[in-house]
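I've put the structures underneath this note.
Heads up, the next two complexes both have chain A, just with different partners, chain B and then chain C.
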Partner chain A sequence: MTQSTAVHGEKISLLRVLGPGHVWALGVGIVLVGEYMGWNFAVGKGGMIAALIACWVAGLLYTCVAMIDSEVTSTVAAAGGQYAQAKHIVGPLMAFNVGLYLVFAYTMLEAANAITLGYLVQTVGTMAGFSDVHDKPFIVLTIIFLAWLNYRGVYATLTVNLVLTAIAFIAILILFAAVKPWSNELLDHKALLNGLPYGWLGVIASLHFGLWYYLGIEGTCQAAEEVRSPARSLPLGTMTGIMTLLIAATMTWYVCSGLMPWEYLGQAVTPLFDAARLTNSMPLMVLLFVGTVFSTLASANGCINDASRAWFSMGRDRYLPIWFGAVHPTNRTPYRSIVFLVPVALVFAYFAPLDQVITFSILSGLLGYTYMSFNVILFRRKWPLGTIKRGYIHPFHPLPAIVLLVLCSVTYFAVFLGYGTQLVAMLVFFMVASLWFHFHRYQYVRRGDQFTMQWPRPQGY
Partner chain B sequence: MNSFQLLEYGAWALSALLGLWMLFDMIKTNKAYDEDLLTSSKEGEIDDTLVIDPTHQGGHQ
Partner chain C sequence: MANSHYEPPKQSTFGQLIDSLFLLVLVLGALFTPLYLKLAGGGKVDLAVADKTTWAGLGQNAVQQAQWEKLGFTPDTAASMITSRFDYSFNVAELAVTAIVIVGYFALLFIFSRSEYREVIEERFGKR
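Then we have the complex of A and B:
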């Protein structure tokens, strides 16, 4: 069906077809690659025990994120997630910044995943005896193929993520069982655990990569406008997602720290695959290689989904040109935003070094988490319990918000220790972008149209 | 040329094909539909009765 003009009253919206399983797959799918690679650099920063402390401290940080996010997003059921929350609760300038954090965090993570996948294929080619093998064709193919999948429809995209993520998670469970954690047959923690070689400063420094265990779980709420029952599915998917990750992260640390010395583990590229190799089991090696590839694909796939929704929402509210706020009439996806972000991801994946790309992603995420701690306090103050319907109410308020803020502050210091220049550069970028938005872009925003929630007037206003 | 190089050329070709397909479809869609219709989505909207193309309502008919 084609039509050249809109009939009065006709609209095109995103498609509500997703369930809690898809929400789980979106959140865990983005993150699980962090268990397969990346988290282990925390071992290099502070040793085995520091990496475990970082795993649990970051776990606490992200449990706060998941609880806060579940409550707020169960009321603000809109694509854009935290961007839409910030718009309704804090104000336009905060929303613009949060939208940019989200797009940067996910696009950089997508680029990092594509680089990793290219590296894996290149490694396989080299191991198979081929000379002069290149990673670039596979980096480009990963980004364009997954963008195409996202372009075609959200249901297929996140069903693929569900399958990939489930297999990658099951692979970790099987590896954990295979190393017989109840015996010392394969694992030797007594000989390999090395205390705190760099003291407590090493523990703080390791927090930088401790985030990698969970970075992106907050992406679940980008699906808010595409789930059948947002008030139920979003909290359910997010909370089961963080539980899955806490289990996977602890298992991953336990297996790897019992098999490899910290000097190797601290700089390994694929620690879980290496752990499988150390068991001398070919089926386990194949399974963990498949898990590594699948988790990387699932992460890049979820990142394209989330970055495009955030960009689309900002376009729809005219925070960016309205052109980006279009929905495909048959695929029902934000097709222009998906296509626009492809070259952005390609440029970073093609030209930027992996550690820089990862650091920009972590920093953008961290800025978003800091905002969330303020956001939930304002949310409860402006709309106390009982004034609007919530799908989930997080316990012990305001303790999670305070814990989140404290942990974010410590993590900024941890990032500053290793990547101070990037931290300052990122903050300067967001300040310049804020000035552009305030003095130029905001004049195009239709101020009344952007607030769509049927909420009562906030207390004190 | 070894088989891995063939794989690399295949990856480039598939990337170009999918990229061009998306661009072609985007331009075709932009031309076929009114801009007001394409940008008519509203935040948080749960009413599916007004959307066009009823075959794509995800089981909500």
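Then we have the complex of A and C:
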């Protein structure tokens, strides 16, 4: 199903040009930056061992997300990903909220990427003797340039991501090999590991930033409407993406925890680049500088792609002003949505501290994962196996949904420990936005158009 | 059975602008209010150490000291990072209120969505 929008009286649709490699690059490209920055705040919240436990528990959470998402996305293959799923399975208000989760998770992640890139350029500039280098111009340039790239076209955008992501991933592999993990020549875990400084409460607390290792992998399904074979490409791209990230996350933790005091690692902005600095190897420093720059660019690039498509989909369905639902007549991109979200990303990248921006992104993601656990149960209940054609059927249902809900609940508590105010502020925002939608915006929504799949009537309705 | 059809009103350009601005203000307000009121980031406390001017006083062993120095730190510049700790003490009432807000939010979503979804299904498939 390819949906279209009318521009100048002509039906124009998004192009189906992407393969499984692009899906992998979109997912991993957004997330791989989580190995280059942000994950290490989990060390600050609970210590190094806690961060490793958080890494694996979060890996379990995301495995559940990938399993569930692959089934639903390969069946509801439309732009907007989870947003389109919510429209068909739960209802318009949930879809509106899911759309907002996606937009905020990705726009905040985009802002975090720009902050990191600016900081890195400033650090390297200072090391090179340019002490007057400021990070702000680089933050602005990054966001504007990538928005322009997205404005120009999806194929070029994601092909660029494929190259950047591959180089950033190879940089982690080379660093891992270069520190000789089989010897104590450079790494000294015995002297640097510090047990659990906050006890087991710190392990739970660190799960908050543990999500950052993988946050955004579900972005693969945002491209559902532009993938050549969604039923094959989406599960394949998402699952290989999770495996890639599990490997990269473990290697990242091993290298950094063997090189840095935990108090530094827990607050560092660019931990992998710092790890390279501690090896005293100039080639490694250059490589990890390039890797950090590429991973932040690839991530921000993918974030703009995903956030704008979610915003576009909501505009097309009139959940937002229909003006946002336009496709560019020649570039075939959701250009108005891309442009509208630029100032939002700029404001946060310019004024908010990195850990706060990351927390907003994580919270938006967390709300989305909570929804997914309910969503798949409703999906199976409304259309039991055999009643509709599924591209992929995830095993052990409903166990992944239950595990996901339990882990999400624990993560809410983890966020509450230290960042409870943001948690409540975000929820109040979503409540107000929901009331606004239900009592005002919903009047503009065409009811029947919200269900476009060729499925039978859902059971119970 | 004939499908009931709802024809939504056409929204004016001004109305679209107001709706866009409302959401933008709501987003910036919700996300920046905790930062502006300095309520974000939770409580941190300073760990008491023997001596903030020496690595040993800050509880750093020889390997840790060497790595701090490679990163360009002295005991003075590293002290605030080393002694900073999260304060995980919390009030059970605050936790309960937060839990109620989360559950209440999702309850609101599912209840309103259900009534909207019924309208969608009835228009798409007809009334039962």
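We adopt the following convention: the second predicted complex is superposed on the first by the 450 of 461 C-alpha atoms of A that agree within 3 Å, B and C clash if a C-alpha of one lies under 4 Å from a C-alpha of the other, contacts with A are read in each partner's own complex, and residues count from 1 in each chain.
In this section, a residue touches a chain if its C-beta (ideal position, glycine included) is under 8 Å from a C-beta of that chain, and two chains touch if they have at least 3 such contacts.
This one's a predicted model, so the numbers in the text were calculated from it and none came from an experiment.
Engineer: Quick check on the superposed pair: does A:His189 touch chain B, chain C, both, or neither? Answer first, second, both or neither.
Structural biologist: Neither partner.
Engineer: Contact-wise, after the overlay, does A:Arg381 reach chain B, chain C, both or neither (first, second, both, neither)?
Structural biologist: neither
Engineer: If you stack the two complexes on chain A, which partner ends up touching A:Phe429: first (chain B), second (chain C), both, or neither?
Structural biologist: second
Engineer: Touching A:Asn97, do we find chain B (first), chain C (second), both, or neither?
Structural biologist: In the superposition, A:Asn97 touches chain C alone.
Engineer: Answer with first, second, both or neither: which of chain B and chain C does A:Lys180 touch in the superposed model?
Structural biologist: neither
Engineer: Once the shared chain is lined up, is A:Ile322 touching chain B (first), chain C (second), both, or neither of them?
Structural biologist: Once the two structures are laid over each other on A, A:Ile322 reaches both partners.
Engineer: Compare chain B and chain C by how many residues of chain A each one touches, and report the one with more.
Structural biologist: Ranking chain B and chain C by residues of chain A touched puts C first.
Engineer: Which chain A residues are contacted by chain C in one complex and by chain B in the other?
Structural biologist: Touching chain B and chain C on chain A: residues 322-323, 450.
Engineer: Under the stated contact criterion, what part of chain A meets chain C in this complex?
Structural biologist: For this pair, the touching residues of chain A are 44-45, 90-94, 97, 104, 188, 191-192, 197-198, 201-202, 205, 259-261, 263-264, 267, 274, 277-278, 280, 318, 320-323, 340, 344, 347-348, 351-353, 355-356, 359-360, 370, 374, 412-413, 416-434, 436, 438, 441-448, 450-451, 457-458, 461.
Engineer: Which of the residues in chain A end up touching chain B in this complex?
Structural biologist: It comes out as residues 1-6, 9-17, 76-80, 84, 125, 128, 130, 133-134, 137-138, 140-141, 144-145, 147-148, 151, 155, 224-225, 313, 316-317, 322-323, 325-332, 335-336, 338-339, 342, 450, 452-453.
Engineer: Using the touch rule from the top, collect the residues of chain B that touch chain A in their complex.
Structural biologist: 2-4, 7-9, 11-12, 14-15, 18-19, 21-23, 25-26, 29, 32-48, 50-53, 56-60
Engineer: Would you pull the chain C residues touching chain A in the complex into a rising list?
Structural biologist: 3, 5-9, 11, 13, 15-17, 19-20, 22-24, 26-35, 39-43, 60-64, 67-68, 70-71, 73, 78, 81-82, 84-86, 88, 90, 94-95, 97-99, 101-102, 104-106, 108-110, 112-125
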